[in-house]
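Per-chain numbering from 1; labels A, B and C assigned in written order.
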Amino acid sequence: MKRYTVGELASLVDGEPVGEVDHLIGGVAPLDVAGPEDLSFVASRQYLPYLATTSAGVVLAPRALAGEVPASLSQILVRDPHIALAAILRHLFPSAAPPPGIHPTAIVAESARLGEGVSIGPYAVIGEEASLGSRVRVDAHTVIGEGASVGDDSWLHPHVTVYPGVRIGHRCVVRSGARLGSDGFGYVWSEGEHRKVPQVGGCIIADDVEIGANTTVDRGSIGDSAVGQGSKLDNLVHLGHNVRVGNRVLIVAQTGIAGSSSVGDGAVLGGQAGVGGHLTIGRGARVGAQAGVTGNVADGETVSGYPARPHREALRAQAALFRLPDILRRIQKIERALFAREERP
Amino acid sequence: MKRYTVGELASLVDGEPVGEVDHLIGGVAPLDVAGPEDLSFVASRQYLPYLATTSAGVVLAPRALAGEVPASLSQILVRDPHIALAAILRHLFPSAAPPPGIHPTAIVAESARLGEGVSIGPYAVIGEEASLGSRVRVDAHTVIGEGASVGDDSWLHPHVTVYPGVRIGHRCVVRSGARLGSDGFGYVWSEGEHRKVPQVGGCIIADDVEIGANTTVDRGSIGDSAVGQGSKLDNLVHLGHNVRVGNRVLIVAQTGIAGSSSVGDGAVLGGQAGVGGHLTIGRGARVGAQAGVTGNVADGETVSGYPARPHREALRAQAALFRLPDILRRIQKIERALFAREERP
Amino acid sequence: MKRYTVGELASLVDGEPVGEVDHLIGGVAPLDVAGPEDLSFVASRQYLPYLATTSAGVVLAPRALAGEVPASLSQILVRDPHIALAAILRHLFPSAAPPPGIHPTAIVAESARLGEGVSIGPYAVIGEEASLGSRVRVDAHTVIGEGASVGDDSWLHPHVTVYPGVRIGHRCVVRSGARLGSDGFGYVWSEGEHRKVPQVGGCIIADDVEIGANTTVDRGSIGDSAVGQGSKLDNLVHLGHNVRVGNRVLIVAQTGIAGSSSVGDGAVLGGQAGVGGHLTIGRGARVGAQAGVTGNVADGETVSGYPARPHREALRAQAALFRLPDILRRIQKIERALFAREERP
C-alpha cells in the first residue's frame, strides 16, 4: 500500500498537523489496535481516554478538543474528524479498477446498448433492449432484465437481480443479492382464491442511490415505485409496491415499508422499523428502530415505539410502564385506607 | 401495446359502461397520473375527490357509488373494482411468453425429467433425478437440487435455490433469491459445542403458491415443512423447520415463523410479525403487523402487539399506556389528600 | 437406505434397548407418522400421550421416563434423547459425498490456491489470490472474491457471495444466498449529501460457524467484523460493520445487530431481535425474541421487550399493562369517593 506523510494527509483534509509532519502513514485503524504506521481518530470527548495508550502514528481530532489530546501524540486537527476520515480512506484505499471489458462467459443480448468502458463479469446476463451507461460495472452472476437501464458509473455487485424495465440512475451501488423490481404483494379475493393482481408498474432508482445486500424493492402495481436521489438503503430492507422514497433518505437494515407509502426527503428510518401501507412519512422525519408506524408522520417529527408516537411521549409511556407494579401497590394501599372490606373490588 | 374500446373492457368484466363505449384504452394508471388513453379506478368513497381532476379516459367504479361519479367521466360500473381491475390488467398486459427451450448454457442432469414446453434460462442448473412438469419456466441462474420436483406451469425467477428433494406444485411462482428447503436451525448442546441435528425432512410447496423475493422456507428436521394450496408469501419471509402453513394463507413481508408452528387455512399474518415455535395459529386467524405471538391463536381470532393479545384488548392496553403519566398524577393527588406526609410512599 | 437393528442403534448412542433388539430400522419420523421401520423419540413428559397410538418400530426415551413408556413399545433408553437422535440421524443419513473435482464451467483464477480434494460446482467463480483449504466444497453459482480464504472442510452452498478478503475458518457451513463481507452502512453528511465512508475492514468467520440462508454479515469499516468459533446464525440475520460475535453464540432468524456492537461467548439471541449500535451483550446473556436492545446487557442476564429490560421486569410490566383499564376504573372509583365534584380532574 502506498504511504503518505502526516503533512500530506493534513493538507488533503485541510487540517492542522501537530507533531512530526514527515512521519509515514500507510493504514487506518481504531485507537486500540492502531500501530505506528496507522492513522486513527477521536471524534468525541468520550474516546479521549483511549489516547493515553494508543500506539497510532497520528490521530485525527476535532479542533474543539485540541487542548485535550496528549501533546506527545502526533495529531491532525480538523473541524469534523468523520468527514476527514472518509476523505483519507478514499485516498489510502482507492477503489480497485474493475476488470476491463466483457467477460467471455457473460451473455449480452444483441439488442442491449452498452456505454463506453463498461465492465461485465463472468456469467452476467444482460437482457434484450437493456441499456448500460458509460463505465457501468456489472459483477459476476448479476442478471439484468429486458429493457432495464443502468446509468453511468453505477456498480452492480454479484448476484443482483434487476427485473425487466427497472431504471437505475447514475453512480448507484447495488450490493449482492438485492432484487429490484420484483412483483409486489397484490391479490384480490375472488371465487374462493387469492388472485394475483398483475404488477405492471415501474421501479425507478434515482442517481447516487445505494442499496444493501439482499434488499428487495418491488415494482409498482400500477404506477411506479421510486427511490430518490442520494438515498441509501441498508441490508435486508423491503419496499413494497408503489412505495416512494424521497431524496437523501436513510433506511437502516431490515426495515420494511408497505405498499403505497411515501417517505419525504431527508427522513431517517431506524433498523427493523415497519411502516404500514398508504402512509406518509414527512420530510426530515425520524422513525426509531423497531418502531411500528400506523399513521402519518409530520415533517420533522421523531416517532418511536409501537404504535409509533412522538418520541418524547413514547419514552414517557415506556418509563411509566415499568412503574406499573408500583402504581398497583399504591392503589391497593389507597383502597385499603378508603374503603370498607365489602366495597373493595 | 394493443388497445381496447371501453365497451370491450366493460364486457370483459361484466360491467356497465357509462359514456362513450368506442373510446380506446391502452393503459392503466392511478387517477392522478392517468391520461386520456388510460383506464383508472376508484374503489372507495375516500378517493372520490380525485375524480374531479383526473384526465383518465375511463374510470372503473363500484355500482354502489354510481351516482357519485361525475357524469362527465366515462365509467365502467362493476360490483368490485379491484377484481375487475385485475382482470383488465391480465388482459392488457398478458405475460410475455418465456423464451422457448433450454438455453445452451443451462446444465441439465441426464437423469432429470423434463415435461413438454419447459423453458430453462441461461446458466440454470438442474440436478440429477430432478423433475420439471410441463411448461415449467426456470429463469437464469436458478439452481434446482437433486431429486427436487416442480409441477406444471410453475415459474422460478432468476437466482432461486431449490434444495435437493424439495417438491413444488403446479402453477407456483417463486421470486428471485428465494431459498426453499435449506436446513433448519437445529442444534443440540453436547460436549461443550452446539452440534448440528441433521435436517432430513422435506419441504413441500402445494399448488398455486407464490413465494416472494429473498424469502426462506426451511426443510423439516424430521418430517416435512409445508405450504398449502393457494398461499402467498411476500418478500423476506422466514419459515423455520417443520412449519406447516395451510391453504390460502397470506404472509406479509419480513414475517418469521419459528420451527414446528402451524398456520390454519385462510389465516393472514401482517408484516414483520413473529410467531414462536411449536404454536398453532387457527384457521382464519389474523395476526397484526409486528405482532409477537407467544401462544396459540384460536380460529378466527385477531391478535396484535407484543406479546400478542386479542386485538381489542391490545388496543385498549396501548391506549391506556399513553394515559399512564396522567394516571400517575392522579394517584399522587389522591395520596396527598388521603395520607399524612409520613405515610406516603 | 441402509437399515440397522435396534441393538446396533442402541450401542451407537450408548443406550439401553428394551424389547426386540433385532428389529430393523431404516428411518426416523415423528411419533404420529412413524411406521414400524421408523425410530421415533419422546423427549419430555408432555409427549408421553402420543406413545399410546404410535406405530414407531422403536422409541428413543430418556432414562428418567423409563417407567412411563408403555412396555409394549420397543425402546432405547438414553440420558438425552435429543443428543442421541442427532447421532442416529448422522448415522442413518450420512452426508452425500460432494461431486469430486472442479466442474468444467467453474472459473478459478490462476492465482487461486486450492487444497486437496476440493469440490467446485458449476458456474462458481473463484477470484484472484483466493484460497480454499482441503476438501472445501463450493456449490453452484457461488462467488468467492479476490483474496478471500476458506478453511478445510467448509461448505459453501449455492449462490453464496464471499466478498474480497473475507476469511472463513474450518468446518464452516454457509447456506444459500448468504452475503459475507458486504460494505457496512457508513455515511457522513457533507456538502448536502450522504457521502460514503469507505469500508476497508475485514470480515472474519472462525471455525465451526454456520450461517443461514440470505443472511448478511458486513465487513468492518475500519478494523474487522468477526463471528467466533462454533457460533450459529439462522436465516435472514443481519450483522452490521464491526460487529463482533463471540464463540458458541446462537442468533435466531431475522435478528439484526447494528454496527460496532459485540456479543459475548455463549449468548443466545431470539428471532427478530434488534441490538442497537455500540452496545455490549454479555457472555451467556439471553435476548428474547423481538426484543429491542438499547443498552448494554450484563453477563448472564436475560432481557426482553422494547426497550429491552430484565426479563422478569418486562413480564411484570407487560402483565400490568393489560390490567390498566381495570386500574383506571379503580382510580375513578377512588376519586368519586374522595373528591367533591369540583375537585375532580
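Operating definition for what follows: a contact is a pair of C-beta atoms (placed from the backbone, for glycine too) under 8 Å apart; a residue touches a chain by one contact, two chains touch by 3 or more.
Nothing here was measured: the structure is a model prediction, and the numbers come from that model.
Although subunit A and subunit C share one sequence, what matters here is the overlap of their interface residues, and that overlap falls short of half of the numbers used. If you lay the C-alpha trace of subunit B over that of subunit C, the rotation comes to 120 degrees, to the nearest 5. Separation between the centroids of subunit A and subunit C, computed from CA atoms only, is 25 Å. Multi-chain contact residues of subunit B (touching two or more other chains) are listed as 123, 141, 159, 177, 214, 236, 254, 272, 306, 321, 324, 327, 331, 334, 338.
Subunit B contributes residues 28-30, 33, 80, 82-83, 85-86, 89-90, 92-93, 105, 121-123, 139-141, 157-159, 175-177, 208, 210, 212-214, 230, 232, 234-236, 248, 250, 252-254, 271-272, 289-290, 305-306, 318, 321-322, 324-325, 327-328, 331, 334-335, 338-339, 345 to its touches with subunit A in the complex. Contact residues of subunit A toward subunit B in the complex are 107, 123, 125, 141, 143, 159, 161, 163, 177, 179, 182-183, 185, 187-188, 190, 192-198, 200, 214, 216, 218, 222-223, 236, 238, 240, 254, 256, 258, 272, 274, 276, 292, 306-307, 309, 313, 316-317, 320-321, 323-324, 326-327, 329-331, 333-334, 337-338.
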